[in-house]
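You will see two complexes here that share chain A, one where it goes with chain B and one where it goes with chain C.
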Partner chain A sequence: MIETLLNPKVMAENSILVSAKLRVLLMTCVAFAVVLTQVWLALGLFFILVSYLWCRSGLSISQTGKRLLAMDCLVLFTVLLIPFSVPGEPVFSIIGFGASEPGIKMAMMILLKANIVMLAVMALSAGIDAITLGKVLVELGVPRRFALLMQFTVRYIEVLYLEFYRLRQAMKIRGFKPGNNMHTWRSYGYLFGVLLVRAFDRADRISQAMRCRGFRGHFLSHEPSRVPRCDFVIFFSYLLVICFIFCSSFWSFNPSNYII
Partner chain B sequence: MSSSPPIIELKDVSYQHADGSVTADKLNFSLFSGQKVAISGKNGSGKSTLLAIIMGLRKIISGEVLLFGHSCRTEADFSRFRTRIGLVFQDPDDQLFCPTVIEDVCFGPLNQGLTRTEAIVTSREILKQLNASHLENKITYQLSGGQKRIVALASVLAMKPEVLILDEPSNDLDLDNADRLISILKELSLPMILVSHDADIRAHLVEKEYLLEDGVIRNKS
Partner chain C sequence: MHIADGVLATPVLMAGIAMTLVGTAVGLRKLDDDKIPFAAVLSACFFVASLIHIPLGPSSVHLIFNGLIGLLLGWLAFPVMLIALILQALFFGFGGIVVLGVNCLNIALPAVIVGAMLRPLRHFMPAQLLGFLAGSSAVLLTGLMVSLSLYLSGDAFLTTAKVVFWGNLPLSVLEGVISSFIIVLLNKVKPEMFKGIQSNV
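Coming up: the complex of A and B.
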C-alpha cells in the first residue's frame, strides 16, 4: 500500500476525477452513505456504482483482490461473533451458543459494507501519491499532525524496513532458521525489540535534526491545489447519484415497523 | 587569534552519558571566524556528542557554551542561534524527512520566516550551486547515498548559516562522490568544524586539527 502511495503506477488519465481533493471528498461521501444505509437494495446499487468506479480506476483484479482479502481477514474476526451476540431466533448453535438470524444478516451486511467502502477507497485513491494526499487532507481540515504522521510513516517505513531487512540478513548469515521453538521466538523478540529501540533513537535524531533547522513544533502550510472546473461537474454528478441511492433506501421505509 | 569573540566557544564543559561514561571533562574549545578545523578521535570518543552539545541538543552538567559571544543555557537561548549554525548530520536519513527534495531544502528557510516563494527561490539557488537541480522533485528516500549527502548539505546551506559543522560527511561515499563533496566544501568560504575519520578529507579542507580523547580536546601534532 505504501509502495503504491509512493509510486502510483495508475495515473489520472483513465481515472474518474483529476483533482485529488474532490476524489478524497467523494470517497468520504460514499463511505458515509454506505455505512448509514440499512437496506440491501441500496447497498446493491452502491456496489454497482463502486464497481463502475473501480473499472474506471484501472486497478488490476489481483491487486484489488489481495487487498480486499487482507481486509476481510481482519473484518471476519469481528463479524464472526455478531450472530452469537444479537438476540433473536437461533438458526444454529455452536457449543451451546445460538446464532440468530438478525445477527447473521447484520454480520453479512457489515462485511458487504466494509468491502464496498474499501473498494471505493481503492478506486478513488488510485494515482494519488502520499505527498498529495497529505496536502489534500490538510486542505480539507484534517489536523496537520495527522497528515504529518501519515507523511512521516510513508517516509520512514522504507528506512525501518531496510533496518529490519539488515537485521534479518545478519541473523540468516549466522545460520538462523525459523522454526516453532523457543530459540526462534526469543530471536524474533530480540529482532523486534531492537527494531523498536532503533526506531525510537532515529525518531530522536530526526527531531534533533529538525530543531537544528529552526523547527519549533509548528509546520508551515503548503500551497493550495487547484481544482479544474470540469471536475466540479463530474463530482456533483456523482454526488447526485450517491444522494439518490442513499435516499432510495428511505422509500421502502414502513412506519408500521416503528410502531411499538 | 582575533579580537572578535569566537563564533563557538566551550568553557570547561563537562558532560556525562546516562550510563555514566564521560564524554567531556572540563573541555575547552573555540572556533573563530574564518577558521576551518577538524576534530578526530576514536570510535565512541564522543565526537557526535560534542556537536550535539554545541547545538544545545544535549544538556551539559557544568561549564558554559557560548554561541556568537552569547552564553546559551536554555532551549530558548540555543534556538535563537541554531539556524545560524549549519549542522549536517552523520546519517542523511535523519536529516531528510520531507517527502521531496525541494520541500526538505525549503524547511529551514521557512522556519527562518521566509515566504514559500522566497524559500523556493533560495533552495533552487543552493541546489543549482551544488549541481543538484535535477534532484529537486525527487522523493528523498529514493536518492542514492551520495545524492542524500548533497541534499542534506543543501538543506543546511539553504539557511545561509554563518558556520558549518559536518559530522562524518564522507561516510558511505565512493571516491567520485567523496571528491565531489570535497570540491563543493572547498568552494565554501564558511568557517567549519569537520568531524571525520577520513584523513584525506581532513587534509583537503582544514588548517587545524584537534583530537578528542578522554573527554578533552588537544591540538593534534
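Coming up: the complex of A and C.
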C-alpha cells in the first residue's frame, strides 16, 4: 500500500496532458462537475468522458477494479437504506419494508457519481507520485508551508512504516497473535506508543540536522516546471467538454420535443 | 468514516470546505517554519498507525487517532488530517475529492476540541483516564459529526445516520482503550511530548 505513494506503477507518458499540474486541476473540475450534476444524461456523458480518460491512462483492469470495488463496498453501505427511507411507490419489499422507486434511483445516482469521480481520480493521477503532487500544489497556489508539510510527511511515511514493520516483526517472532482481548489491545497500544516516541526522537534529530544545514522553512532550489502551450490547448478543450456536459444538465431536454 | 463523493448535499459540502480552509489556515499560522520537519514526522507516524488494522469482533477496524493528534498537535490537526486524507483519496482510493472538506472537518474539529479541553486537565487525572477520554470522546464526536453531515444532506439518510452513530460506539471504546495504553507509555517514557510543538503552547 505504502509503495503506491512513492512509486506509481504507471508512468505518465501515455496519459493525456503531460503536465501534472493541469491534470490535478482537471481532476478537481471533473469531480466538482459530477458531484453538482443531478441529471442522468449528463452523468452518462461524464461517464463516457472519464472512461475515455481511463483508457488513455493505461491502468490495468484488475488494479482499477480492485480499488473501485473497495470503494463501492463503502458507498453501498451508505446508500443501502435509502430506498427504504424515501417515500414513494414501493417496487419490492423485504420483510415488510417497501423499497420506493425514487429511493432506488437516488441510491443508483450516488453510486454512479462516486464511481465516476473515483475513476477520474485514478485516470488523471496515474503516474503522479506524492512528491510531484506536493510540487504541483505549490504551483497551483497552495500555501508553501502546507506543501512543505506534505512533502516531509510523504518522506517520513516510508521511514516510519519500516520502523513499524520492524517492531511488528519482533512481536511476531515472540508469538504475538492479534485477537479480541485486552492483551492484544495493550500490545498494540504500546506498539503505537513506541512508534510515537521513536518518531519524536527522530523528528528532533531531523530538525537539528536541517538547522545545521541552514533550513529556514523553504527549499532553496525550486524551479517551476514549464508547461508547454499545447498542454494548455488540450486542457482547455477538455475543460470546454466538461462545461458543455455540465451546462447540458440545465437545458430541459425532452426527447419528445424532437420527434414530430 | 470516509464519505464518498456524490453522497452529501451541496450546502453541506460547501460548508465543510469553508470550515476546513479556515481550520487549516489557523493550523498553518501556528506552525513555525523550523518546526515543519517535526510536525511532518508526527503526522507521518499517525498516518502509518492509522493504516494498521486491529481485530474487533468478527472483522477488523483501523483507528483514527484524532484524540491523540488533538492532544499532541492542537490546531495542527487540520493540516495534518487534510494531508492524510488527500494522500488516501489520491493514492489509496478512500473518500473523494469534493468531500475532502467535510471528511477533514469531521475528524479534525473533534481533535481540536478534545485537545483544547483535555490538555489543561492533564495534570489532574491519571494517564489511563486521560488517554481513554481523549481517544473515545474524539471518535464519538467524529461519529456524531458524520451522522450529522449525512442527516443534513436529506431525510433519506436519517436511518443511515443513526446506524453510523450506533455502529461507531464500539469503535470509540476500542480507540479509548488503545489510546489509554499509548498515553500511559508516553507519560512514562517521554512526558515532554505533551508540551506540544506549537509555538504558543
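Everything that follows uses one rule, which is that the second predicted complex is superposed on the first by the 201 of 260 C-alpha atoms of A that agree within 3 Å, B and C clash if a C-alpha of one lies under 4 Å from a C-alpha of the other, contacts with A are read in each partner's own complex, and residues count from 1 in each chain.
One rule holds for everything that comes next: a contact is a pair of C-beta atoms (placed from the backbone, for glycine too) under 8 Å apart; a residue touches a chain by one contact, two chains touch by 3 or more.
These numbers come from a predicted model, not from an experiment.
In the superposition on chain A, contact of A:Thr28 is made with chain C only, not with chain B. A simple residue count on chain A separates chain B from chain C, and the partner touching more is C. When both complexes are overlaid on chain A, the residue A:Gly214 reaches chain B alone and has no touch with chain C.
In the superposition on chain A, A:Cys243 makes contact with neither chain B nor chain C. Look at A:Ile131: by the touch rule set out above, it reaches chain B but stays clear of chain C. Of the two partner chains, chain C is the only one that A:Val121 touches; chain B does not reach it. Contact with both chain B and chain C is seen for A:Ile206 once the two complexes are overlaid on the shared chain. Shared contact residues of chain A with chain B and chain C: 130, 152, 154-156, 159, 202, 206, 210-211, 215-216. Across the complex, chain A is touched by residues 2-7, 10, 13, 24-25, 28, 31-45, 47-49, 51-52, 54-57, 65, 79-80, 82-84, 86-87, 89-94, 96-99, 150, 155-160, 163, 174, 177-186, 189-190, 193 of chain C. Contacts from chain B toward chain A in the complex involve residues 52, 55, 57, 79, 82-83, 85, 87, 89, 91, 93-95, 97-100, 103, 107-108, 110-112, 116, 139-142, 155-156, 159.
Contact residues of chain A toward chain C in the complex are 1-2, 4-5, 27-28, 31-32, 34-36, 67-68, 70-71, 74-75, 78-82, 84-86, 103, 106, 109-114, 117-118, 121-122, 125, 128, 130, 133, 143, 145-146, 148-150, 152-157, 159-161, 164, 178-180, 182, 184-186, 188-190, 192-197, 199-200, 202-204, 206-207, 210-211, 215-218.
Every residue of chain A that touches chain B in the complex is listed here, in rising order: 6, 130-131, 134, 151-152, 154-156, 158-159, 202, 205-206, 208-216, 220-221, 223.
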